[in-house]
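Written below as structure tokens is the structure these notes are about.
Here the chain labels run A, B, C, D, E, F, G and H in written order, and each chain numbers its own residues starting at 1.
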Amino acid sequence: MAGPQTIDLCEVQLDVDRPRRCGYPEVVYAEGKSVATLEKVLAALSSGDREALATRVNAEQAAALAARFPAARYNALARTLRVPGAGAASSGATAGLSSSAPSIARIRRGCVAVISAGTSDLPVAEEARETAEWTGADVNLIHDVGVAGPHRLRERYDEFSAADAIVVVAGMEGALPSVVAGYVSAPVIAVPTSVGYGASFGGLAALLSMLNSCAANVCVVNIDAGFKAGYLAGLIAGRTARSGNE
Amino acid sequence: MAGPQTIDLCEVQLDVDRPRRCGYPEVVYAEGKSVATLEKVLAALSSGDREALATRVNAEQAAALAARFPAARYNALARTLRVPGAGAASSGATAGLSSSAPSIARIRRGCVAVISAGTSDLPVAEEARETAEWTGADVNLIHDVGVAGPHRLRERYDEFSAADAIVVVAGMEGALPSVVAGYVSAPVIAVPTSVGYGASFGGLAALLSMLNSCAANVCVVNIDAGFKAGYLAGLIAGRTARSGNE
Amino acid sequence: MAGPQTIDLCEVQLDVDRPRRCGYPEVVYAEGKSVATLEKVLAALSSGDREALATRVNAEQAAALAARFPAARYNALARTLRVPGAGAASSGATAGLSSSAPSIARIRRGCVAVISAGTSDLPVAEEARETAEWTGADVNLIHDVGVAGPHRLRERYDEFSAADAIVVVAGMEGALPSVVAGYVSAPVIAVPTSVGYGASFGGLAALLSMLNSCAANVCVVNIDAGFKAGYLAGLIAGRTARSGNE
Amino acid sequence: MAGPQTIDLCEVQLDVDRPRRCGYPEVVYAEGKSVATLEKVLAALSSGDREALATRVNAEQAAALAARFPAARYNALARTLRVPGAGAASSGATAGLSSSAPSIARIRRGCVAVISAGTSDLPVAEEARETAEWTGADVNLIHDVGVAGPHRLRERYDEFSAADAIVVVAGMEGALPSVVAGYVSAPVIAVPTSVGYGASFGGLAALLSMLNSCAANVCVVNIDAGFKAGYLAGLIAGRTARSGNE
Amino acid sequence: MAGPQTIDLCEVQLDVDRPRRCGYPEVVYAEGKSVATLEKVLAALSSGDREALATRVNAEQAAALAARFPAARYNALARTLRVPGAGAASSGATAGLSSSAPSIARIRRGCVAVISAGTSDLPVAEEARETAEWTGADVNLIHDVGVAGPHRLRERYDEFSAADAIVVVAGMEGALPSVVAGYVSAPVIAVPTSVGYGASFGGLAALLSMLNSCAANVCVVNIDAGFKAGYLAGLIAGRTARSGNE
Amino acid sequence: MAGPQTIDLCEVQLDVDRPRRCGYPEVVYAEGKSVATLEKVLAALSSGDREALATRVNAEQAAALAARFPAARYNALARTLRVPGAGAASSGATAGLSSSAPSIARIRRGCVAVISAGTSDLPVAEEARETAEWTGADVNLIHDVGVAGPHRLRERYDEFSAADAIVVVAGMEGALPSVVAGYVSAPVIAVPTSVGYGASFGGLAALLSMLNSCAANVCVVNIDAGFKAGYLAGLIAGRTARSGNE
Amino acid sequence: MAGPQTIDLCEVQLDVDRPRRCGYPEVVYAEGKSVATLEKVLAALSSGDREALATRVNAEQAAALAARFPAARYNALARTLRVPGAGAASSGATAGLSSSAPSIARIRRGCVAVISAGTSDLPVAEEARETAEWTGADVNLIHDVGVAGPHRLRERYDEFSAADAIVVVAGMEGALPSVVAGYVSAPVIAVPTSVGYGASFGGLAALLSMLNSCAANVCVVNIDAGFKAGYLAGLIAGRTARSGNE
Amino acid sequence: MAGPQTIDLCEVQLDVDRPRRCGYPEVVYAEGKSVATLEKVLAALSSGDREALATRVNAEQAAALAARFPAARYNALARTLRVPGAGAASSGATAGLSSSAPSIARIRRGCVAVISAGTSDLPVAEEARETAEWTGADVNLIHDVGVAGPHRLRERYDEFSAADAIVVVAGMEGALPSVVAGYVSAPVIAVPTSVGYGASFGGLAALLSMLNSCAANVCVVNIDAGFKAGYLAGLIAGRTARSGNE
């Protein structure tokens, strides 16, 4: 606790003590932030050997940041930007070649399954996938297996049954987390999405549905909060697996 | 249309034209009605050869009405009271002996399945069952097969796959109708129940979930409206089967 | 159950087992899907002799798909696109000439009435009409007969009294389904629309009104869910009529 | 404006200037008030020749007040108490004999129709009737004519078509005001009631429905506000008729 | 009742029996209607000697209709269009010269006051004013007299105290109707507006506030429903004054 | 900061550092606490020379605590209990004789006005009054001056115009704070109450109304939070007056 | 998968395959279940060597079940009942002597911290504690450390910083989970409680607050769902610790 | 009270009596007002020696007003415009040079701290700061110190502990006001912001959280109401400090 805990970047007070307290550095929420601010924060966060992660990065922000961080990888669907650590530049240089970029973790950190109900839920599922990968987890994405075609989920059982943590992403009636949770012993992190219309009320229907899940191993995060679900799943998987590896 | 269409029973204006227009006589909603009013209305409705049905009949009302209508059958769980038609007294006399009472229909009127998610949903499911039977349908009740134990529903597949109409009763996250609907071609009438706590908000969570079902063959009735679901299912089953029988 | 139940179209996992289970193939919800995805899915769905249906198709998507599916019919008001089966091309070739396109059904499948309250409810009513026709039903559309002019509905009584299933589309106070239901014995599928302003809260007022209908033969689908109502009405009408015809 | 405008009754500051400003004296809302307070206020309000009105008077309060105001009439269904003016005792003495008690008005004050949808709406309708009578109007109460039996309202057309103002009381889907308003030119004051269950949400469904009425001559008061509707209807009828009589 | 009650204008079923039943012809709600439809309906409604009224007419619609109805008056703030009756063309010809256009009424129809709380409420107040004038009333508009400056309303007391009906338009906390109602004996029609931000929730705060008004002579219409309030006020004022004048 | 900051009373962790940080000791929220717990906490809080305050104390709790704290004063309407400091027993001994009990303050702490709209708001107003007195302020309570009788508030102007802080308590439409705030320069703390019925939704209407007040000097506390309003008003008045006195 | 997956206990269809799929047997939700049903289910669940758990057991149910299951432990605050496995009777016999009953686990299963904000949150916190213990975890309960006394949480830092999973229970504004999460790297399961009044809306305020937590390691369960939080925390802790132990 | 209390500026009725009653002149809410109206009102308000303040001024309005009021200062982030009094032009002339413009006050008016949780809350915090400065207070803005990094607030303790009033601005879970309030004795004015997504529901989550704060010295204003919070804080600080200075 010798060094400073906060770096003053004017608009942003960077919490540099977070890795010590919480295990991971801050993640940048880009919505509404200027490119100048994003540059400063991402530069600070990637100055060591760790990869920095920004979420809710729109196409304009991504394009502007590309010049400054040529090794960064932008996932347009997930709206995430991952900037390799400056002290890890060699691995970052190959980022464009690989769909599984070098993650912030050096060692295996467990397995995460991300399961989504419908095609329109994919952006949120991708955000969860990118974030869980950033935490160091191996991620398996299984999409478009909503409950109306019950065999579709069962056909993929082997792909998610052994995961250390499972993210389930669903809009509309939000029924998928309960169904998935009935098959597994891993914790299920449910993400309601704003996909739907009418009485979905921007994701409220799915949110309430998930909060009332009759399955005991389901917890919930905010509507469209793919980042938070990916973070939690990666965190849980990492702590589970790390123990197992030592 | 020669006779009167309305009978003035003081507090109640009995719509006696309804069987001609809608196929079935009025059903009495007992909540908040005095025993005296219920007596008058039930007597009028059972004066012919048709069975009268009252719903939301509490134990006190039922006890008071038992003296006046000794052949009536009260289902305490469903809170329904069925009074045999005065011109059908002989069959009514045996009502106490049979769990499948003589119904308002003279001929087969199709098959209805009533499926409920949890033990606490049983009163609503029973109300649906009693009502569908009153419309003349054969009813099969399958209970406690919620989504958290996915095999439970599949094990019962043969009991509901051939139904002409299916009522699905569920509280909490209300996911069961979507799952059932994925297995069948019959119309599914979803009944949200007020079972649950916290963010179930008295059944709102299940209601919204069902309205947003991704399955195309799901429609919804009011929270705890077992009567309405049973009525609709019986109506649809009857029209389907009747055609088939002629 | 010999063949595969799911076809992997990348973004979409096509449930090709659905006709066996549910009677009809999948319908494509176009909102938010790319033209490339729509092309793949519609091609797969229309590869046999059945007509494919897509809903919520906007003008841009429709224009782009016209090149690939020249026999397809786009209803700009309903935002539906119907693609004739490849094995049914001769009838598809004449699609442009007829306002009543050849449907997925080969035999008569019953009668559906679609009744709408006001001019602004027409797009949802048209979506219901297109969908019910796609299921094979004969559809009669009666529009602008809201409750404020009570004679307007009565004047059209003969056009809906014999329908096998009735869709009622209304925004604002959503009173029309209750009124229609009082005249008929067929099941009434109520569709609240987002038409209105202020305390209509995007269709919530009409939705709640319909859920609380005092008529027993009314069930409800999601706000603006013309598709679902048309599907259910076609399904019910088809099952009613088919039995009667055989 | 010579005399005082307010009388200090401790817990209550009686606004004695109201008849001059608003045409009628204050009406006492009894809910939560002690009998002692009610006694003081009713005594003050009935000290002249005008009848005093209290609403939401429960049975206990009514019994306690009967000793102090023997000429008062209590309507247990409406929960209203009307206390004849002290200077009008002779007419008050006959109050028990007549169902149409002497009203606060000396001359004819117009005609009000109170129409209710169902049996359970009767208490609110009665409160409206008592209040409108208190304002001096002739009141015609037409009950149990909800929209599910459309002929019931039409059969009573002559009883409400000539009213100067119409109160329509309905719970559940609250559709009746729109239907009534389509038949008449008088203003319609809609009263949603808390009658219903599930998605009626304590009258919210009926309230929203009435606020969104497509009929231009419908305004709305609070849920269960029979008093306010009766007051407004009596006020409007009185002003309409008074002009016509002079 | 010899002639037809409905004219079929394709998209619109014109209720031509309404003047007989309800005293005034239909008013056209222009939102979402095509110019072609508006032309047909307005032409039909103004074919006699009565002025036609359309509300929610946007600038594009108004410009397009100006060619067809040169004598029409468009109020851009209120978004209303008034088209003089074809049989009343001479008065219509001078419409551009007078801010008080010839109304649908031939004789005096009473006085209406329209009172608004803030500058931003003016469009709704103007819609109410135009509509009330269309019904034949003399209208006095008093604006920007919200409760935060309590003297502003009192200074204008003489301008509204004698009105036959009063419209009060307010957003934000919606307190003005209660305050106005405390000064007068006329019925007060409260119009909540969507003016405000944050917890005004699009006018919900003002709506609830007005529904809970402690003043007995306040009724409420939908959020931003200036038309409905103006219609009701004009109707009440007309019926009050007409009687008095004859 | 030498001594301990927290005292462990088992169920309660007493924050004894609060007077230093926040100026006043903890206040006990009695709802749901056992008498044993209340005794321990109140004894600890009144062990010095300061008066302890408990709110939401029901009659049973108060009776049980009277034996242990004979000098305590219970206000049954406000449901508050004030226990004199043990080191201030002589003044406590006279508590029963005076309606203005010796307060926690030794010196004048400013003037607070508590204004309530209706008789039913009195319990909340009394809780505010007791709390503000406990903070040391002189409190003037003005009740039953709601907006429907506009002269009632103006007649009392002199009683509140000079207050250092004003609490305004109102249920139903919650309009009074805006009106009061228009007359004064002091900060106004608005307390919505759950008084009302129907669309008051347990105080939600008043809460939203107050949050949307067009007066700049109005802030809001929770529904029925008389304690919080009294605390804040006392705090502000004390800080204003203290400065002035030194 | 050789044996049956479901045992038919009439009202309840016991899912006996759950330990294989999900790691733990079913937990009984006692609310609304008859004593007879509870007896049957608990007997079946405790017939092996595992402890059975029932939640939401009221005092009457607990008393009735005590005769049948003398070794069971009832926690009246938590409303939980734990019934030792029949094959583990010797350890069960000592249950009454120990506050830390023998759990379902045979080996160490990790550490859980349960932190609650206020005294009134204790029942929910106790339910979480009992459940986590039942899963086999060591549980540390830290109560009454809400955010208004910021030092109280910091003083207990050592008691929760090393936990494998943390449950945070809070009503009112629900701020505690965010604050706790800022100190630790373990996953935080937030439980909103219905503690509060007014605008807490039965726990909705705390629920929304927790869903919007700015801390990435916070997920949420239903209002008052102490069971679910305890289950998840125990599950996560067990999986983390088990790996570490092997 | 000799002069007029209201100046009629057509669309706006300027309340020129407000400084006498409320201590400060009117502040202009620019949203939806035309530039012409703004010019008239600002000219009237700045005609004396006092600075005029307008809020919610967008960039277009600001640019248009710059020509007319060259000495005005526009804060684009806060969307505020401050126009120096015409009789105070010399000080206004230097406005561009100083970030702390000459305020409406001539003497010291106390200290206000404005504390914001996240970067996105800055516009609301800036509006509060500008407004408090306009009232004459010295303002200290402390930003980006949300609860997820608990040390950040503690590090700044000295900057806010001595303030006379504190504004706390936070979106998302709105936890910061409770935490700040636990450290200080000054009144805390909490401003929820619409920052967030999903279940923040436009600031509702933060609003409810703040209303339920367990800290007694927290009151709340409308969502995004930086102006109101700054006004109140400045008002309170001014009254506290003024007394102290005299």
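As a working rule, a residue touches a chain if its C-beta (ideal position, glycine included) is under 8 Å from a C-beta of that chain, and two chains touch if they have at least 3 such contacts.
Because the structure is a prediction, the values reported are computed rather than measured.
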Which chain has its C-alpha centre farthest away from the C-alpha centre of chain B?
H
Calculate how many whole Å lie between the centre of chain B and the centre of chain D, each centre taken as the average of the chain's C-alpha atoms.
38
Taking each chain's centre as its mean C-alpha position, how far apart are chain C and chain G in Å?
47
Would you kindly tell me how far, in whole Å, the mean C-alpha position of chain E lies from that of chain A?
54
Multi-chain contacts in chain D, i.e. residues touching at least two other chains, fall at 148-149, 181-183, 198-200, 204, 207, 211-212, 222
Chains grouped in pairs wherever the two touch, ordered by label:
A-B, A-C, A-G, A-H, B-C, B-D, B-G, C-D, C-E, D-E, D-F, E-F, E-H, F-G, F-H, G-H
Inside the complex, what are the residues of chain F that reach chain E?
117-118, 146-150, 172-175, 178-179, 181-183, 196, 198-201, 204-206, 208-215
Complex interface listing, chain A residues touching chain H:
5-6, 11-13, 15, 17-18, 31-33, 37, 192, 194, 202-204, 207, 222-225
As the complex stands, chain G meets chain A at residues 21-24, 27, 164, 181-187, 189, 207, 211-212, 216-222, 227-229, 231-232, 235-236, 239-244, 246
Seen from chain H, its contact residues with chain A in the complex are 119-120, 122, 143-145, 148-149, 151-152, 155, 195, 197-200
